[in-house]
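Structure below; questions to follow.
Which chain is which? They are A, B, C, D, E and F, in the order written, and residues in each are numbered from 1.
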Amino acid sequence: MVHLSWYLTVSALLFCIGVFGFLTRRNIIMMLLSIELMLNSVNLNLAAMSHYMEDLRGQVLVFFIIAVAAAEAAIGLGIVVTLFRNHRSVYTEDITTLKG
Amino acid sequence: MRIKYDTKKKLAEQIFLLEILKGLWLTLRRLFSRSVTIQYPKERKELFPGFRGKHALIRDPETNQAKCVACMRCSSVCPARCISIRYSVDEKTRARKVDSYEINALRCIFCGYCEEVCPVNAIVLTEDYEYSDYTRQPFHFDMERLLKNWDEFLEKNNLEPDKYLNPFLRPRGLPLGELPAGKRIDVPEEWTYEGQVIWKDGKAVSAKEAASN
Amino acid sequence: MLENKAQLRLVKGDEATHEPYTIAMGPQHPATHGVLKLDLELDGETVLECKPTVGFLHRGVEKLAENLSYAQTLPLTDRLDYIASMANNVAYSIAVEKLLDIEVPLRAKYIRTMVMEMARLTGHLLWLATHALDIGAMTVFLYCFREREILLDMFEEICGARLTTSYTCIGGVRQDVTGHFLESLYDFTEDFPSKIKEYETLIDKNRIWLKRTQDVGIVSAEDAVSLGLTGPTLRGSGVDYDVRKHMPYDAYPYVKFEVPIGSKGDVYDRYRCRMEEMHQSNSIIRQCIEALPTGPIRAADAPDLVMPYGIQKKVAADATFSSGIIKLVKDSERYIEGDVYVAAEVPKGELGFYFVSDGKGVPYRMHIRSPSYIHIGALSFLCKGQMVADVIAIIGSVDVVLGECDR
Amino acid sequence: MVQLLFFYFALVVIGLGLRIVTAKNPVHCVLLMLVLFFHMAGLYLLLNAEFLAAVQIIVYAGAILVLYLFVLFLVDLREEVKMSPFIKKGKWLGIVGAIALFLTFLRGVMNFSLGPHGQYTIEKIQQMTHTKAMGEAIYTTYILPFEVAGIILLVAVIGGLAMAKREK
Amino acid sequence: MEPLEIAKKIKERFPDQVIDVEEHRGQVGVIVKKDRIVELLRWLHDDPALHLNHLADLCGVDYLGKKDVRFEVVYNLYSIPLRHGIRIRAQVPEDDCQIESVTSIWMGADWHERECYDLLGITFGGHPDLRRILLPDGWEGHPLRKDYPLDGGGKNWSGYDKVLERSKKLRKYDFYGTYQDPTKKTGIEDARE
Amino acid sequence: MELLWILIKIVIVFAVVMLHVMYATYFERKVIGHMQVRMGPMRVGPHGILQPIADGLKLFFKEDIIPAEADKKVFYAAPLICLISALSAVAVLPFFEGFAIANINIGLLYIFAMSSLASYGVVLAGWSANSKYSFLGGLRSSAQVISYEIAMGLSLVGVMMLSGSLNLTDIVHAQMNSPYKIYLIPQIIGFFVFVVAMFAETNRTPFDLPEAESELVAGYCTEYSGMRFALFFMAEYIGMIVMSCLAVTCFLGGWSGPFDVPGIPFFWFLLKAYFFIFLYYWVRATLPRYRYDQLMALGWKVLIPLALFNIVLTGTIKSLFG
C-alpha cells in the first residue's frame, strides 16, 4: 500500500528542485522549464489527493493546470523569443533594462 | 503563339481531386503494363553497326598483319591526341613500315575521326563497350593488343573478317568519287549515294525506287 | 568556465550580431543539376541572397580550341550541353560554315534540322524529368527517360554514339540517315504527342504542381531581356525571340512552326513553353522527314577532316591518299582574317559562337556564348525572396547544364 | 508490486529533476524532462488516472516540450555549453533556500490529514472509465472553469502570435 | 536596319569615337575607343530607331603581336523587336587594361564581364562584384592571354598543392589498406626483386 | 500465466511487424518500379525476393559514421526514440477479435501520444548532427507532425463521438453494430482528413519535405548511416503500418468483413491494411511534393476547419437522430 504522504513527499521534493532551478539557472528558458517542474509537482500532489479522497476535483484541477501550463509556455516562450530578438541574449544578467 | 495560362478548375474538380484521381488512374494502369527496362547483364541491347566502342586494328587476311600504312592521318586528326605512331621508311622502296602503334584509350573521346579518315580502313572502333578494368595499364593499347582486340571482337560476334561493315569505314551517303580507293568497299545499297532514302507515302524508300515509280 | 556572455564575446572577439543562416547548396547536391554551388542566405526558409558559384567543370574549351583545327574542336562541343549534344554540333558547324563561307547542301540541312529538333526533344525530356523529380513527381522522370532512350537509340543508329554524337561536320553531316531510322523516327513522332499527354496527366493540372510553379520565380519581360535570358526561359516571360525565326539557319526557313510565348514569366510559364515546344519540335521533325530531299550530304567544298593547323604548311606530303587535302589547299583563300558571331537555338537557349580568324586553320579566338552560363548568372536575381524549395523549382525551370556553363 | 513501481517512478522523477536543474546543455535538460514526464505519467497510472497520464504525454511531452526545443534552437547553444549554467553565487543561495522550503513542506506533510471522501470511488471510476468520469465532471460541474481555460488558451495563442510576429 | 546603316549612324553620333568599320561575311563590326563606351552602348540600347536591347555576347580578344592595341572587348548586340544587330569592338590597350562596365545597361553583362576579367585580365570599372568566376580564387595569370604558358608554367595552382597535402594527411587513416608510403619499402617489392 | 500470454503476443506481433517492414520496402520498390515502367529489384533471388534481407545485412554491417561535431548522446538516442515510439503504438492495435497486446481504454489517445513523440526523434536527429540540412529537415518535420497531429486528432473525434469510446476494440464493435457496418460512410469527411493527415504524419509524399531529397538532400537523416539510418527507416515504415491499421480500425470496421474467412481471423484486417499501404506507394508514385508553407497552409486552413466542421456535423446529426 502506497501512502498518500509518500506522494506528497515526492511532490514536495520535486517542487523544491524546481524552486532551486528557478532561482539559480542563468538561462530564462531553463527557468521556465523549472516552473514546469514545479507545476508537475503540484499536479502530482493534486492527483494523489484526489485519488485518496475518492473525488475528481483534484484531477479536474490537474487537467486545467495542464491547459494553463500550455498557455504559460506559449506566452513565456513568446516573451523569450522577443527578448532574444531585442537583446540577442537569453541570460538574466544580460537583460537589465525594462524595455520591450 | 501565346500559351494558355488558364488553370482555373471547376468546383467539382476542386472538391473531388479529379486531376489527382486521373493521375492515380494512369499510374495504376502503368502498374500492369510491360516494363521497358533491360536486365543488363542477362540481356543485352542490340547495337547498331558503327557504334564507337573499343579500338581495334583490322587484321589484313592476306598478310595477317595490320593494314596500317603509317600515313599519320589518324594521329594528326585526333582531337584528344591519343594515337601515337612511329614508323620507319624503307630506303629503297620509300614504303613506310609501322614500328609501333599506340592508343591511349583513357584519353580517347570516341569521336570516330580516326576511322573516318583512314584511307585504307586499318583502324576501327568496334561495337564492344564492355572493357572496364581496375588499373590503367590495360587501356594503353599497343599494336599487338589492338590486333588482338580485333580477333576477340570477331570471335565474340561470330563475324567473318571480310564481311564486317561499319558506316565509318565507308561513310553512308557519300558519292564514290569522294572516297579514297581503300574505302570503296561493298556496302548495302541503302548506304550508297545512289541508294539514299527519302520519305514517300508513309514509308522510307530509296530515291531510285521513288524515281522509278 | 566562462562566467557570462560578455566574457565569451571577448574570447570570440566579435559582437554578437545577427548572422543570417547560410546554406551551401552544392556542389554536391541532388537538385543543382551538376556541380553548381549556391550559397544561400536564409531567413527561416526565405532566401535573402543567392550567390551562384560555377567553374567546377571548367575545362578551358576556348583555350583548347585555339590549338585545335576547326574540325577537331567539333567533338569538344559535344561536351558542352551533353544532354543535347547534336544541337551543339549543329550550332558549331553553322558558325564555322559562316566563317569559311560554305554552303551546305539541302539534304544535309534537312537532316541537321531533324537531329537538332531531336536533340531539343532529348534536352526537354531530360529537363522535364529532372524538373519534375525536383518538385517531387518521380514517375514523370522515368516516363521521360523512356522516350529519351528511344531518341538516343536513333542517334546511335545514325552516328554510333548515344550521347557524344559528333554527328555533323563542317559542310554537312558525317553519315547519311537510313530507312530504318526514318521509319522509327516517324513512328516516334506519331506516338509522341500521346506521351506528352501522359506527362501532362500527372503534373499539368495537378494542384500541387500548380502551387509549386505558379507565381514562383517571376521575371518580367524587360528584366529577362536585360538579364540576357534566351530560349524558353525568355519566351516564358513573353518576349518573342527565337533564333530559329530571327536568324534562320539550316532548314528552318522551309518548315512551319510556331514559337510558344508565355505571359507571366513564372516557373509555370516556362514549363508550359517547353511543353509546347516539344509539340512544335515533333511537328518539325515530321515535316523534315516528309520533305527530305535527295542530294549530297556534304558540301563539295567542305574541308577534309584533317584540316591543317596552318594553311601554308603542307601536311604530310602524301596527299594522294585523300581527295580532301588537295581540295583544301585549293580553297585556302577562304581562310581569311575576320570575325563572325553566329547563334543557334539549342534547347537551353541561344548558343552563340564568336570566332576571330587570323587566316589559319585554327580559330584565333573562339568564344562560346552559352545560355546556361547567363541563366545561372540570373539565378541570384530570380531566387531573391523565394523559399528554399522554390530555388529548386527555379533552377529546374531555367534548365541549366553545367558542362555548358563552365565550358 | 505497486510499491515497487511507485518507488521506481518516484526515484527516477527525483533523480531526473535534480539532473535537469543542474545539466549544462539545455537540450539535454529538455530530453531528460521528456523522460521525467513519462515517469510522471506512470505515477498518474498508479493513481488510476489514465486519462491524465495520456494528457500529460500528449500535451506536456507532445506540445509544450517541443515548443521549448524550438525556442532553444533559436538561441545559439554552442556558446551556452561553454558557460556555467548558474548565475553568479546563486547556487548556494538556491540550495539553502530549496532545502529550507523542503523542510517546511515536510512539516506540513507530516501533519496532513484528508478531508471527507467523495463519491468517485476507484471501482466506480474503473467501471465507467476514467475518461468518461473526467468528462462528466468537467462538462457538468466544472463547465465554467473549462470555458475559462479555453479563453486563457485563446489569449495565449493570440498573445504568442502577437509577440512572435516580426516588426515590419 | 542594315548593319552598315547602323555603323553609319554610330559614326554620325560619335565621330571621334569610331576608329574603323569592318565587314566580314555580312556582319559588321564597329571598332571604337573605349573612353565613352557606356554612353555609346546606352545610346544604342535606348535609341528607338536602333533599340539594340539584347546583349548577345560580350567577350575579350587578345591580339598580342597582331595589332597595336592589344585587347578588344567585343559586344555583340541584337535588337529583338527590330531584328537587326551589330558588333561593337572597343579597343583596350595593355598599359591601361580597363574599361567601364555595362552592367548598368544590361544586368546580364555581369557574368560576361567577370568571365572576361577572369580569363583575359581586363578590369571593368564600376562592376559590382569583379571576382574570378570560372577559375578558383588565387589563380595566377589569365589563361586566355596569348602569352599564358600552355603547360601552366610548370607550377601547380596553390589550391591544388593544399589538396595534395590534405590528401597526404588523410592517408594516415588508410581506409582500404591500399596506400603504401613511397618512402617505405614493402615486403612485396623485395620479393619481386 | 497472463503475463506469459502477453509476452508471447508481443513476440508474435513484433516478428510479424518486422517482417512486414522488411517486405514493405520490397513491395514499395516493386510497386513503384512497375508503375514507372521498370522492374524494381530483380537481382537478389527470383524477382529480387531476397532484396530486403540483402539490404538489411548491408545496413547492419555498414560503418557507423558519427559527425565529429555532433552531440553524440542525442545523436545515438534520436533514432531509438523514433523507433520505440513507432513500435509502442502497435501495442494497442486490435488485429482480430480479442487480439491486442494491450486492450486499454485510452487506446486512441495512446496512439496520439506515441505519434507525437516521434517528432522528438526527428527534431533531435536534425539538431544533434550539427548539419544545416539536417537541422532544417528536423524543424520542418516536427512542425509538420505537430500541426497535422491536430488535424488527425480532430478527424477522429467524429469516430469517438459515434462509438462513444477511446478503446479501439470497442470502436470496432461499435462499427459492427452501426447501420453501415463501417464508419467510412457517415464519417467520409473525417476519413478524408484522416487520410491526408496520415500521409503528413508519416512524412510521406506529397508531404515528404522533411526528407525531400531534392531540397534538403535527406533532411534529418542526412548524417546518419548504417544501422542508425536503418532505424529511422524502420520507424517510418512502422509508422505507415500503424497509421494504416488505425485507419482500418477507425473507419473500415477493423477485422470485420462481408463474410468470415475460416481459420484466418485477421484476413480482412490485413487486406484493408494492405490497401492503405499500397495507397502510400501509389500516391508516392503519382504526386509531386508540397512546399513547406503550402503544407502548413493546407493543414491549418483546410484540414483543421474541415475536421471541425465534421465534428459539428456529426454532433448535430447525432443529437438530432441518435
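The rule is short, and it goes like this: contacts are C-beta pairs under 8 Å (C-beta built on N, C-alpha and C of every residue); 3 or more make two chains touch, one makes a residue touch a chain.
Keep in mind the model is a prediction, meaning the values are calculated, not measured.
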Chain pair with more C-beta contacts, C-F versus A-D: A-D
Chain of greatest Cα-centre distance to subunit D: B
Length of the line joining the C-alpha centres of subunit D and subunit F, rounded to whole Å: 28
Distance from the mean Cα position of subunit F to that of subunit B, given in whole angstrom: 52
Centre distance in Å when subunit E and subunit F are each reduced to the mean of their C-alpha atoms: 56
Distance from the mean Cα position of subunit C to that of subunit A, given in whole angstrom: 63
In subunit F, residues with contacts to at least two other chains: 35-38, 285-287
Multi-chain contact sites of subunit A, meaning residues that touch two or more partners: 26, 93
Junction residues of subunit B - those touching two or more other chains: 20, 23, 26-27, 30, 36
Residue ranges of subunit F in contact with subunit D within the complex: 71, 73-74, 77, 104-106, 109-110, 112-113, 116-117, 119-120, 123-124, 127-128, 135, 139, 142, 146, 149, 166
Residues on subunit D engaged by subunit F in the complex (per definition of touch): 25, 27-28, 31, 34, 50-51, 53-55, 57-58, 61-63, 66, 69-70, 73, 129-131
Subunit B-touching residues of subunit F, taken from the complex the two chains share: 31, 33-39, 42, 282-283, 285-287
Subunit E-touching residues of subunit C, taken from the complex the two chains share: 54-55, 58, 60, 62-63, 67, 98-99, 101, 223, 225-229, 239-241, 246, 338-341, 343, 350, 352, 354, 356, 358, 364-365, 367, 369, 373-374, 376-378, 381, 406-407
Touching residues (chain side subunit C, partner subunit F) in the complex: 21-23, 29-31, 45, 132-139, 141-143, 146, 202-203, 206, 208-209, 211-212, 387-390, 392
